Amino acid sequence: MLGEGIIKGMVETARNFVGSYSDPERLTTVEYPEDKIPAKENARNFPFLVYDGDDAARGLRCVACQICEKECPPKCIYIVKSKDKKPDYIGKPQFYPAVFDIDVSVCMSCQICVEVCPFEAIKMDTEFELSNPDRFGGLLQDKHRLAKSNEYYHKIHETEAAEVDARLAAEKAKAEAKARADAEAKAAAAAKAATAAATPKPAPNPTTVAPAK
Amino acid sequence: MFMETAIDTPESKYEILPKTLSNGEMDGELLEVAMGPQHPSTHGVFRMDVVLDGEKVVKLKPVFGYLHRNHEKIAENTTYLASMPYTDRLDYLCSMTNNWAYALSVEKLAGLQPPERAEYIRIITGELTRLVNHTCLVGFLLQDMGALGTPLMYAFREREMILDLFESLSGSRMMCNYMRFGGCRVDLPAGWLEQAKRAVDSYSGFLDEFEKLLTENEILVARTQGIGVLPPDLAVNASITGPMLRASGVNYDIRKVDKYGIYDRFEFRVPLGDHGDVYDRYMIRLLEMRESVKILNQALRDIPAGPIVDPKAKLRGFRPKVGEAYGRIEGPKGELGFYLISDGTPNPYRYRVRPPSLINLTVLEDMCLGQDVADVVIILGSVDIVLGEVDR
Amino acid sequence: MVMETLEQIKARIENAISGAKPEIIPNESPSAQRSLLLDPAHAVEVAKFLRDDSQLRLDYCSNVTGVDWLDLIIKEKVKVKKVVEGVEKEVEEPVERKRPGYLEAVYHLYSMALKHGPLIIRLRTENRADKNHVPSLTPVWRGAEFQEREIYDLYGIIFDGHPDLRRILMWEGFADHPMRKDYVEPDDYEYEPTPHDEVLEKTKQHHSPEPKP
């Protein structure tokens, strides 16, 4: 019969139309901005810098190694290395970024900076409401705007942040154990030198500072 | 059935008609129309210079390049890894398969072998991408035919479920940037497989519903059957690939021919068309989706545990040996290949994308000649192009 | 189905077409995809042979690409007989040999009938400037039509016998060929908040540095 296919289609549409009122699973519309779909745990938007503790200026994990700047496909990161050093989470003196800019209008959210960072310093944010009347300045984020606390990182990427913290803690413990062992060796060597004062001095111990890696 | 291929293109067809006729103006017989670049049915910024005799098409020249950004040059000036996110933006509906094709070519070039689990993840994401692409295509095709709204919304509702899966896996709905050379970037998050199983299980129901809505619809049948017929010998000679080729009845699916990845472990059939018209191209996509669901069910059942990256693969300082490689996969739109030449530096010396969208347009004129101008829109819709890949 | 080896194909081409001198180009990468260099004079004949031969039936021309090879200076050490201090000796001397640059068109052929491949064939121009002609294979495989147009557009190889050789991606009237290795970008500076490397140099040319507020 001519028109049978059309009627069949109409019945299907009607079924869906009625169903969309009765079944909450099928009510797919969300009233943004009053309601929001919660972000997925792996969701990513733009990078931010992680800092430990309370002070963003002191706790920044970034050591200005500029690997992310080099690997960034659209070249949206701009880093100037500091002249002086300050201690990192292990206690080893490191450089820090004097300037760290990310141009969000250029960034394409690819996450390669996060993958290549050996210091777990740069991570992906889930914040997406970044509209701004200033096309250039407003979308150029400097290090003060980029710095976000480790607690915030835990809030948005729970599993990943826990893994990162465990890894960093293990590294720190390893470094501390090594430093302690070195100190003990040094003390032992000093004691040995003191007992054998008459004999010629032994060769100086080369490992005075524990390297981080 | 396979026919002899011995057609030499007649040169006369390529004579360029004068823009204006001999007396300096249009004489009312032939009308030259520029369809696009700002035309909703061209799926982006694409132009067809059509010459019409009344309603009939007598000549059609596609014009490209509005979205050209020289993707290949960008890739030659950057590292192998940094090109990966750019491949997402080629055919932005199927970023997972673009990633896969590129990763496969680099793996051939560098001699890497992804572990078992990574291969399964690739197959799952790749077939999900095929579902996304074909669902969208059918929605867009119906939109081009004048069925405004309903089929496209139904299609997008289902697509959204798969995009949710992609987001919870890779972090992004469309620009996934998920595959890496020798494996995948991250492992599946907890509960992902169950979620994927639910989505795949409900997909057959959706396809049934979709077919009830459309397949027997008299308007669809009247507008698509016998329109834009592509003969198989021409299809082969013009390097047409993917569902368009199989709608013409040529049995060539790279998943079966090359058996790349681990496709030889899965049981699925290759649907073939009889007539090579728009209706066959529509049906082929629906049938392929059912085969994809079959593959997905097998892959989700069999996926093993294990590592997801080849231990030989390096993220930074990746320099393949001097040489070249061409890797290809059966993308949702056709054969997607990457041709790479390495000169031993971190950047590829030559990086080439074989874009199925562009090459499938070779026969657009042949399919449109003698058809009504309203059918040109449908024929273009059935080719399945994405301009990000056509223009690169 | 397995294709014949490249050596067998080469021998059969030489048998079938007198004067054709295909040459095997090695490939030492793990892909081991070797290719066949054809001489332009016999290229169309060889292509027709490859397409129509009952054992090969390479009816599907998958991928057509251009490659730009710049002039290359090859440094070698050559043993030379030389008179040193009255005695004839064999001495190694560094010799510089110049390989003139050329443009290359690469075709990847498969068989849809017999389901094998790929066979890779290459065509080379004499140089990169005026002698940049190769015969078009579009009359043999129509699939090469748009791809050869693209090579003409981006590399500047002229395909003799192509039915419709026009620019495809760049606009009519564009002068250069952007995929060539020595292509120089036009000097049109665009403001970018995070200038880098070359962009930074460009910025300096266009703007005198301003003091930050």
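As written, the chains take the letters A, B and C, and residue 1 is the first residue of each chain.
The definition used in the following text is that a residue touches a chain if its C-beta (ideal position, glycine included) is under 8 Å from a C-beta of that chain, and two chains touch if they have at least 3 such contacts.
This one's a predicted model, so the numbers in the text were calculated from it and none came from an experiment.
Counting steps between touching chains, the shortest path from chain A to chain B takes 1.
Ranked by how close its mean Cα position lies to the mean of all protein Cα atoms, the top chain is B. Using the mean of the Cα atoms as each chain's centre, the chain most removed from chain A is C. Per-chain CA centroids place chain A at a distance of 35 Å from chain B. Rounded to a whole number, the gap between the C-alpha centres of chain A and chain C is 43 angstrom.
If each chain is reduced to the centroid of its CA atoms, chain B and chain C end up 27 Å from each other. Only residues 2-6, 8-9, 12-13, 16, 28, 40-44, 67, 71-73, 108-112, 115-116, 124, 159 of chain A touch chain B when the two sit together in their complex.
In the complex of the two chains, the chain B residues touching chain C come out as 2, 5-9, 11, 13-14, 64-65, 68, 70, 72-73, 108-111, 234, 236-241, 250, 252, 257, 320-326, 328, 335, 337, 339, 341-342, 349-350, 352, 354, 358-359, 361-363, 391-392. Across the complex, chain B is touched by residues 27-31, 33, 51-52, 59-63, 65, 67, 106, 108, 112-113, 115, 118, 120, 138-147, 154, 163-164, 167-171, 178-179, 183 of chain C.
Note for the complex: chain B touches chain A at residues 78-79, 81-86, 150, 154, 157, 160, 164, 167-172, 175, 177, 185-186, 189-190, 209, 212-221, 315-316.
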